[in-house]
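What follows are several structures.
Shared between the two complexes below is subunit A, which has subunit B as its partner in the first and subunit C in the second.
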Partner chain A sequence: MMFFDTALTTNDLIFLARGAGMTLVVTAISVFFGTIMGIAFGILRHQIGPWWAAPLTLVLDIFRSIPLLIQLVLANAFVTTVLGWRISGFTVACAVLSLYTSAYCAEIVRGGIEAVPPTLRRAARSLGLTWRQDMTSVTLPLAARIALPSWIGLALGVMKDSALVYVVQVVELLKSAQILITRLQEPLFLLLICGLFYFLISFPIARLGGYLERKWSND
Partner chain B sequence: MKTGILASGLMLAAGLTTPAFADKLDDIISANVLRCAVVLDFPPMGSRDSNNEPIGFDVDYCNDLAAALGVQAEIVETTFPERIPALMSGRVDVAVASTSDTLERAKTVGFSIPYYAFENAVVANQNVEMTDWEGMRGKTVGATAGTYEAIWLEEKVAEWGEGQFRPYQNQADVFLALSQGQLDATVSTVEVAEANVASGNFPGIRIVDKAPMVPDYVALITLREEYGLINYMNLFINQQVRTGRYAELYEKWIGEGEPADLTIPGVYR
Partner chain C sequence: MFNYNFRWAQALNSLPRMLEGALVTLEVAILSMVIGISIAVILTLFRLSGSRLLSAIASTWVEIARNTPALFQIYMVHFGLGGFGIHLSPYLSLLIGIAFNNAGYLAENFRGALKGIPETQTRAARSLGMTPVQAFRYVVMPQMLRISFLPMTNQMVWAILMTSLGTVVAMNTDLYGVTSDLNARTFRTFELFAIAAVIFYLITKTVTLSARLLAARLFRY
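For the complex of A and B:
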C-alpha cells in the first residue's frame, strides 16, 4: 500500500471483496425471504388474535431468543446428521437467517399494523372496502411508514449478524478477514479494511432508508 | 417360469437377510464428497498460500484419501479445539488435523493408526563438532523454558553431570543464541528445525540428528463407531507408506531426511 508496509496484495483485496459479496448475497436472500415471511406472520398474528396465534408466537420467540450462532450449529447438525441431507452450508445459513429475520420482522409488522388507528380502519370498512382493500390501500401503506425505520435497522442488523454463518462453512467478509489475519499477522490493519467494507455495504442501505422516510412523509 | 420363481425367491431371501444399513463409508461414497477438518494455521501441516487456498501436508493427505475413495475432497478449516466438535456435529466426515492419539480423546472419537509423528531434532552451531545426539554431552545446550524439549534436555544434562543448560523465553531467542554461538546445540521439533534452517534467518545452524525422545504420534479421526471407515483409513495409511507417498509428502512439506517411523517397536498396532 502507499503509506506503510503491508503484505496485503491485490489478490487478497479481491479475496476480501468476494467475502463482502458473500455477506451481501446471504443478507439479501435472508432479508428478502425473512421480510415476506415476517409480513405474513405479522398480519396473521394481528388478525387471529393473541390466543390463536400463541403457537406461532412461541415459535417466533424461540427464534428471537436463542443466539443465532447456536441456531446455526444446531440446524446444521440436525439437517446433516439427523435428516442425513447433504445440503450446503450456504442453504442452511440462508434458511436459518431468513427465519431469524422473519421473527423480528413479524414483530415490526404487527407493531406497524397496530399503530394504524382502529377507527380509521373501521371507517374504511364502513365505506364498503373489503378486508383486502382496507389492507392494501389503507393499513399497509400507513403501517409501512411506521415500520420502515425499524425495518432498516433490522436489515443492517442481519447484515452484521450474517458474520456468524462462518460456522456452517460460508466464507463471508469477517471470515475472509480472519483467514488473512492468520496468514499475514496484521490484525488491526485487516480489521480496519474489513470494517470499511462493512461500512460501504451498510451506508447505502441506511441512506436509502432515510430517503424513503423523507419521500413517504411528504405525500 | 421356473427361473422367475427362483429369481423372486432369491430376491425375497436377499431382502430378508441383508438389512438396509449404510455406514459413513457408504455415505461418503454416495455423497461423492469427503469433508476433512484441517487446521490451517499450523504450517507445514496446514496453512494457506498467497491465493488463500489451503495447502500443507494435511491438505495433501486429505486429497489423497479422497482420491483413494474416488470422491471429491472438501477442506473444512477448523481450529485445534474445534476439531472434535466439528466431527461430532456432523460438519466433517474425518479430521486430518495432526491429532495426537491420546486415550482421553479415544473415549470420544475413533483413531486410525498414526499417519505422522512429530519427532525432535538436535540442531547445532556449525562450528561445533557433533555427529549424533550424544555429542551434546558436555556442551552448552538450551531450549524454551517449560517445554517438553527443555525438560528432557535439562534431565540429560543432569544425568551426564557435565555441560550446561540454559532456558530461554521463546524459540526465536533459542535459535538466535544458537546462530550467534552462545549455545552449542538445542532440541526442537523436526518441522521447526527444518523451517528455521531453510528460512536463512539463523545462519550457521545445522540439523545433526534426531533426539531419542518419544515422538508425538498423530492419527486420523472419525466417529468412534465407524469401524468401516477406520478400517479403510488404516489400510490407506499403510498404502501411503508402502507406495512411498508418505516419504514424498515429507520431502515436499518438511524437508530432506527420513520421515518418522510410524511403527512402535515391541507392540502391535
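For the complex of A and C:
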C-alpha cells in the first residue's frame, strides 16, 4: 500500500490521528478563550491608559518573555504540587495556552483599536452614540478588519506552539509521533507525516491571512 | 497558606550553574541569529534573482519554516537527518533548527522591508555603473536591515525562547536543560523553574531594551 516499506499499522495511524485531534482540540479551546480574554484585556488596556494598565501590561508581557515550555512546567508544578489540586494535564495545557494566546491577542486588539482614527470615534460620540454603541458599531468592526490578519497568524502560531503541551503529559500529534518513533525506529517517515499535517493546515490559512491583509490594506 | 514547603535556598544554590546555562542559551540564540540573518539575506537575493529555481528554493524554505512548529524543525534536524546517517550533537541540532526557523521568518520580514524601498533606487544605482550585486550590497541591503531592525529584535527574543526546545534532543547545557537536569535530581520543580523563568525574563527584557536604545542611537536622522 505504501510507496515504501513501513511497519506502520492501521492502529498506529489511528493513534497518530488521535494525536492530531488532540492538537486541534487544544488549539481550538485555547484560541477561543484566549481571544475572548485578549479582546477584554486589549480594550481595557486602551481604555484606562498606559499608567493604570501598567500591571496588566507587565503580566501579559511575562507570558511573551518566558518560554512556553517553562510556563507549562511551572503552572503544572504550581497547581499539582504547591496547591495540591488534582487537575489533568489537559486542563493545565489549555489554561496556560489560553493565557499565552490572550497576551498576544491583547496586543493585536490594542493595535487594531489604536489604528481607528480618534476623530472618527469622537464624531461617533458627538452624534450621540454611547461608549458602548461607539465600541460595538464603529470601533470594533473597523479594528477587527485591521486585526484579523494578525489574529490568523496568532491562531496558527498557537497551533504550532501546542506541540509543547507534551510536557504536561498531553499526547498531541508530535508526541504521538515520537512514541511511535521510539517503537518503530522510522523517524523520517513519521516526522514527515507530522510535518505535512501541520503544513497542510497552516499553509492555506496563512495564505488566506496574507490575502486579506493585502486586500484590506489598499483601500 | 500552602501545604507545600518552599525550599528557595536549596534551589538558589544552583543559581551559578543556571547562569552558566543562561550563557549557553544566549550563545545559541546569538549564533542562530547571525546564521539566520545571513541565510535570510541569501534567500532574499534568491527571490530577487529572477531565476525560477532559486525563488522556488527560497519560497519552500520560508513556507516550511513558517508553517511547521519549531519543535518539529529541531526534531527533523536531529532525528530526521539521523535517518540519513547524519548524527549531529544536541547543540548543533538545536542551533541548526533555530537558525533554519530564523532564516525563514527573517526572509519574510526582509521581503516586507523591500516593499518600502523604491525600485528606482536600484535603477539609479545601476545607471551609476554599479553591478546588481553592488546595488544590493550598498543601496538596498543597508535600508532593508534598518527597516527590519524591530522584527529582527523580535526574532532574537523568539530565538532565546526557542532554545528551551533543545530539551527534546537531549540538550542539557542550556538554561532549560540545566534546570531540568537539576529538577531530575532534586525534584524542586516549582522553585527551579521559577528561577529559570526569572532569568529568561531578564534576558529577553535586556535584549529588547538594549535593542531599543541601540535603534535610537543608530537610526537618528
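Keep in mind that, in the parts below, the second predicted complex is superposed on the first by the 199 of 219 C-alpha atoms of A that agree within 3 Å, B and C clash if a C-alpha of one lies under 4 Å from a C-alpha of the other, contacts with A are read in each partner's own complex, and residues count from 1 in each chain.
FYI, a contact is a pair of C-beta atoms (placed from the backbone, for glycine too) under 8 Å apart; a residue touches a chain by one contact, two chains touch by 3 or more.
Everything quoted here is computed from the prediction, not taken from an experiment.
Engineer: With both complexes superposed on chain A, which partner does A:Thr182 reach: first (subunit B), second (subunit C), both or neither?
Structural biologist: first
Engineer: In the overlaid three-chain picture, which partner chain does A:Gln169 touch, first (subunit B) or second (subunit C), both, or neither?
Structural biologist: After superposition on chain A, A:Gln169 lies in contact with subunit B alone.
Engineer: Mind working out whether A:Phe15 is in touch with subunit B, subunit C, both or neither, as first, second, both or neither?
Structural biologist: First partner only, subunit B.
Engineer: Output check: A:Ser217 vs subunit B and subunit C. Expected answer is one of first, second, both, neither. What do you get?
Structural biologist: Touch status of A:Ser217: no partner.
Engineer: Is it subunit B or subunit C that touches the larger share of residues in subunit A?
Structural biologist: Of subunit B and subunit C, C contacts more residues of subunit A.
Engineer: Counting only touches as set out at the top, which of subunit B and subunit C does A:Val73 meet: first, second, both, neither?
Structural biologist: In the superposition, A:Val73 contacts both subunit B and subunit C.
Engineer: Once the structures are superposed on A, label A:Ser126 by its partner contacts, choosing first (subunit B), second (subunit C), both or neither.
Structural biologist: neither
Engineer: Where does A:Thr81 make contact in the superposed view: on subunit B (first), on subunit C (second), on both, or on neither?
Structural biologist: both
Engineer: For subunit A, which residues belong to both interfaces, subunit B and subunit C?
Structural biologist: Shared contact residues on subunit A (touching subunit B in one complex, subunit C in the other): 73, 77, 81, 84.
Engineer: In their shared complex, at which residues does subunit B touch subunit A?
Structural biologist: Contacts found on subunit B: 27, 31, 33, 40-41, 47-48, 50-52, 76-77, 89-91.
Engineer: Quick check on the complex: what are the subunit A residues that touch subunit B?
Structural biologist: 9, 11-12, 15, 73, 76-77, 80-81, 84, 86, 168-169, 176, 179-180, 182-183
Engineer: Using the touch definition up top, name the residues of subunit C that touch subunit A in the complex.
Structural biologist: Going by the criterion above, the answer is residues 2-4, 63-64, 66-72, 75-76, 79-80, 82-84, 157, 161-165, 167, 176, 189-190, 193-194, 196-197, 200-201, 204-205.
Engineer: Along subunit A, where are the residues that touch subunit C in the complex?
Structural biologist: 62, 65-71, 73-74, 77-78, 81-84, 156, 160-161, 163-164, 174, 178, 181, 186-188, 191-192, 194-195, 198-199, 202-203, 206
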